[in-house]
Amino acid sequence: MPRPWEVLANARVFDLAQPMSTGMPQSPNHPPFRMTLERRHGDLIREDGGSAANEVIITGGHVGTHVDALAHVSQDGLLHGGLASETVQGHRGFSALGIDAFAPYVGRAVLLDVAAAHGVPVLPAGYEVTPDDLDRAAAGVEIEPGQAILIGTGWSRHWPDPAVFTGQSGGAPGPGEAAARWLAERRPRLVGAETIAFERIAPGRGHAALPVHRVLLVEEGINIVETMRLHELLDAAAKEFLLVVNPLPIVGATGAPVRPLAVL
Amino acid sequence: MPRPWEVLANARVFDLAQPMSTGMPQSPNHPPFRMTLERRHGDLIREDGGSAANEVIITGGHVGTHVDALAHVSQDGLLHGGLASETVQGHRGFSALGIDAFAPYVGRAVLLDVAAAHGVPVLPAGYEVTPDDLDRAAAGVEIEPGQAILIGTGWSRHWPDPAVFTGQSGGAPGPGEAAARWLAERRPRLVGAETIAFERIAPGRGHAALPVHRVLLVEEGINIVETMRLHELLDAAAKEFLLVVNPLPIVGATGAPVRPLAVL
Amino acid sequence: MPRPWEVLANARVFDLAQPMSTGMPQSPNHPPFRMTLERRHGDLIREDGGSAANEVIITGGHVGTHVDALAHVSQDGLLHGGLASETVQGHRGFSALGIDAFAPYVGRAVLLDVAAAHGVPVLPAGYEVTPDDLDRAAAGVEIEPGQAILIGTGWSRHWPDPAVFTGQSGGAPGPGEAAARWLAERRPRLVGAETIAFERIAPGRGHAALPVHRVLLVEEGINIVETMRLHELLDAAAKEFLLVVNPLPIVGATGAPVRPLAVL
Amino acid sequence: MPRPWEVLANARVFDLAQPMSTGMPQSPNHPPFRMTLERRHGDLIREDGGSAANEVIITGGHVGTHVDALAHVSQDGLLHGGLASETVQGHRGFSALGIDAFAPYVGRAVLLDVAAAHGVPVLPAGYEVTPDDLDRAAAGVEIEPGQAILIGTGWSRHWPDPAVFTGQSGGAPGPGEAAARWLAERRPRLVGAETIAFERIAPGRGHAALPVHRVLLVEEGINIVETMRLHELLDAAAKEFLLVVNPLPIVGATGAPVRPLAVL
């Protein structure tokens, strides 16, 4: 058996994270990302002529490409497993089901390209991905329990246009509740997609209801990766690959930024 | 040739990041990490009984386990390659040599356990790692250009004790300038270790001079990973493995948090 | 002579600051205000049953009602008095002309109600206040050097409507360069108004040019108070009063929030 | 009757706020203050040669000179007036008893110089101010209901030495519970002092118990001003003056920074 690095020696690595910068598209429900240099070179010069620059970073846990912890969503006061939210939330965050409870994922992922199944580069805003869409996109691809399922909508191509990408007025494509149940039946470790919310967002509706989050996070205990940069994988017609999902281990947080990688 | 995920199917994944929480050990030179829940469950309940919790995160780019970008350090006003720092730094960060210029690393790493070479679980504070130490720790291990070299000092065992770990008064073990040159001669893509600064910090001296940063970041163009959680790898006597280093892609930042993984 | 508190015993105090809360109207050029509770009661209860709640606050210096320091604006690289900006700016802020150089103001102010002079409760967006407007509004009011001059536009009545108040697309009323010279000739210690920028903002133009800031801050050394809540004073037809302007003493900042008070 | 500004024309204004800067003394229980320039002059130059600098500010509500809102402290789950804390706290802060419920104070204050009563410039760390101390310091001074009472300990002279000022290990002087009752009997609108907590802090004890906060905030509904810079008033032997206390109107916060002024 070859060693891991030997197998990967000629692999191609795809960066699945959107770049983070002040003003980037994000949900208005979360603290806006901001990166500001604090010390610049020349501000404080050591005796030997050396200088170090640094920065301040302000963000939310659901900003940029990120993983939703199970603690993110509750239904009728209960988190996944029937845990009462008020018993585990406090000034140190969540003592259970936080993002620190998510073990880094290094394993196989399949990418179901629903946009390609429709013959378009990007699904239209407000389009609801259905079980039938997933069946068609999954044709010929084996899906095994405990692995990752990603859905391709092509939406990450809109990243340069924040007004379109965030879908505040126009909406965004994504799975409906039926698609969520389709996914859950396959028992994935995690699912992911390109939009800010792993949901179908109807035009003009915003995040008024998030049924897919309820099904996956609360009922099924399946983590969600959002705002993934998948269009390069879609262009490469990649259907399966090694996926790395290692969110920052922020103790007690309901989500955390991540830079997922696909290795083919 | 097996597919990557087949090779890794039975692999063991080591989490090389320290957990991030308010009050954790970090350098006083950088903005202190803080995570605070903003919405808790019950604050804002949707009509259907659903609720979403979220948080605010404040941090620096050199806080927790992180990667130093080449832009982090200058010497006599010049960054790596002789680039004048004032031409590339501004309110959007660095337009060159920022952490977004660091391509995610997925490849082989070697771990040189200097503590074991000395027969101790942790090197003493202020200990300077020498070329001779590295030679001894590297005995029988092949080091190839473009790969990663990690140095084991055992210091990550001190993480639970912030006063000791930060070494503000007591110092910390790390490579001296001679060891930096030993590393640079082997042309690694990146180097890493367990302490806050990849330097020998003398007791009572703080970060008054950072010669190793100058050699690696400015002269040689080699990135540094700091505050790595290596003691589990040391306990496992791991000498080579697949390493993943994918810092958050913060455009223009001088460094960024990362959750590195080792796969054996 | 009566003691100050005797004179003010029956005075009426007007609060001239807009309330600060997440999502309030502000300039997109500055860090958005955010206040989040960190500890809530019950998170951490002392042995005796006591509990303390607290918060995290993120803001800019030019957010909400605030004072512009002279360091805020430069022209051709020079601050007020011909001071080269690069000699005084650094990681600790400005070593000269920062808001900490502004001595708290406790003295007479006059309020020139330009809206009333036009017979309207609020001047239209994009309206340029002229010297003639100021002459008319100042009829019968003595203006002395070293005091404060406030301009009433009625714009603070729009505070509840962020889209209108910020004027990002629609513009906002304010003094043009000629009005700025009119003000400067009267040698006030400071000037103030209700809009985010003490400028006439043309519809669709945003803050592309800020001639009034140049005249007042750079050329004349006169501080500016912005986003003042003046409509209650306008409703009371107050023309002169005691004004208190005591911005937070943030060392080296280019501006700072303030809660100005008028005492009649 | 003269107009307010005429009475104050020759008044002397004392600035009672400590300067705010990164690294200043503050309680470790609250988010550390940080001010960082974001845009510096030259980063972004308008066509006409103009440039505007700005900053990011991170702070807590109980950092620097500040006012405690009644919502800051609860006892057995109840705030002042028997209000159950869980009914009024949420992601927008406190819907009742927050700092926005504190009307700006412009009125008479008396300063009880306990240090002078003991013949020392600064009371020793850990010293408990007693009713007898207050009686002695108040000799010959009339105290009226609804006004402000400040206690002088001289502690603001220690501001330049953060380790001493914060009193983390050494403690700080302040009123004990008996002194709090003495104050409450006089029905002041607010009280204030120079230390971080308006309490006697025993050496090595930190903020383990805060009986004075309970008495004043919870039982009596009296606001507290902390970290006041009073030593100039003490040096001037000022015993009564006009006091302005106008904290930032941060909606729902448990406290807010303020720059109080004394006018003599």
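Order of writing sets the chain letters: A, B, C and D. Residues in each chain are counted from 1.
Note that in this section a residue touches a chain if its C-beta (ideal position, glycine included) is under 8 Å from a C-beta of that chain, and two chains touch if they have at least 3 such contacts.
Owing to the predicted nature of the structure, the values given are computational and were not obtained by experimental measurement.
J.: When you check each chain against chain A and chain C, which touch both of them?
T.: Shared contacts of chain A and chain C: B, D.
J.: Using the contact definition given at the top, which chains are in touch with both chain A and chain D?
T.: B, C
J.: Are the interface residues of chain B and chain C largely the same numbers on each copy, more than half shared, or largely different?
T.: Mostly the same residues form this interface, as more than half of the numbers used are common to both chains.
J.: Looking at CA centres, what chain is most distant from chain D?
T.: Most distant chain from chain D: A.
J.: Centre to centre, by mean C-alpha position, how many angstrom separate chain C and chain D?
T.: Chain C and chain D have C-alpha centres separated by 24 Å.
J.: Can you work out the whole-Å distance between the CA centroids of chain B and chain C?
T.: One centre to the other, that is 45 Å.
J.: At what distance in angstrom does the C-alpha mean of chain D lie from that of chain B?
T.: Here chain B and chain D have centroids separated by 42 Å.
J.: Of all the residues in chain A, which ones touch at least 2 other chains?
T.: Counting only residues that touch two or more other chains, chain A contributes 31, 34, 36-38, 40, 56, 58, 90-91.
J.: How is the touch graph of the chains shaped: line, ring, star, complete or other?
T.: Its topology is that of a complete graph.
J.: For chain D, which residues are in contact with chain C within the complex?
T.: 1-5, 7-9, 11, 13, 15, 17-22, 29-31, 35-38, 40-42, 46-62, 64, 71-77, 79, 85-86, 89-94, 100, 103-104, 106-108, 208-211, 213-214, 240-242, 244, 246-255, 257-261, 263-264
J.: In the complex of these two chains, what residues of chain D are touching chain B?
T.: Result: residues 31-32, 34, 38-40, 43-44, 58, 90-91 of chain D touch chain B.
J.: Considering the complex alone, what residue numbers of chain A touch chain D?
T.: 34, 36-38, 40, 56, 58
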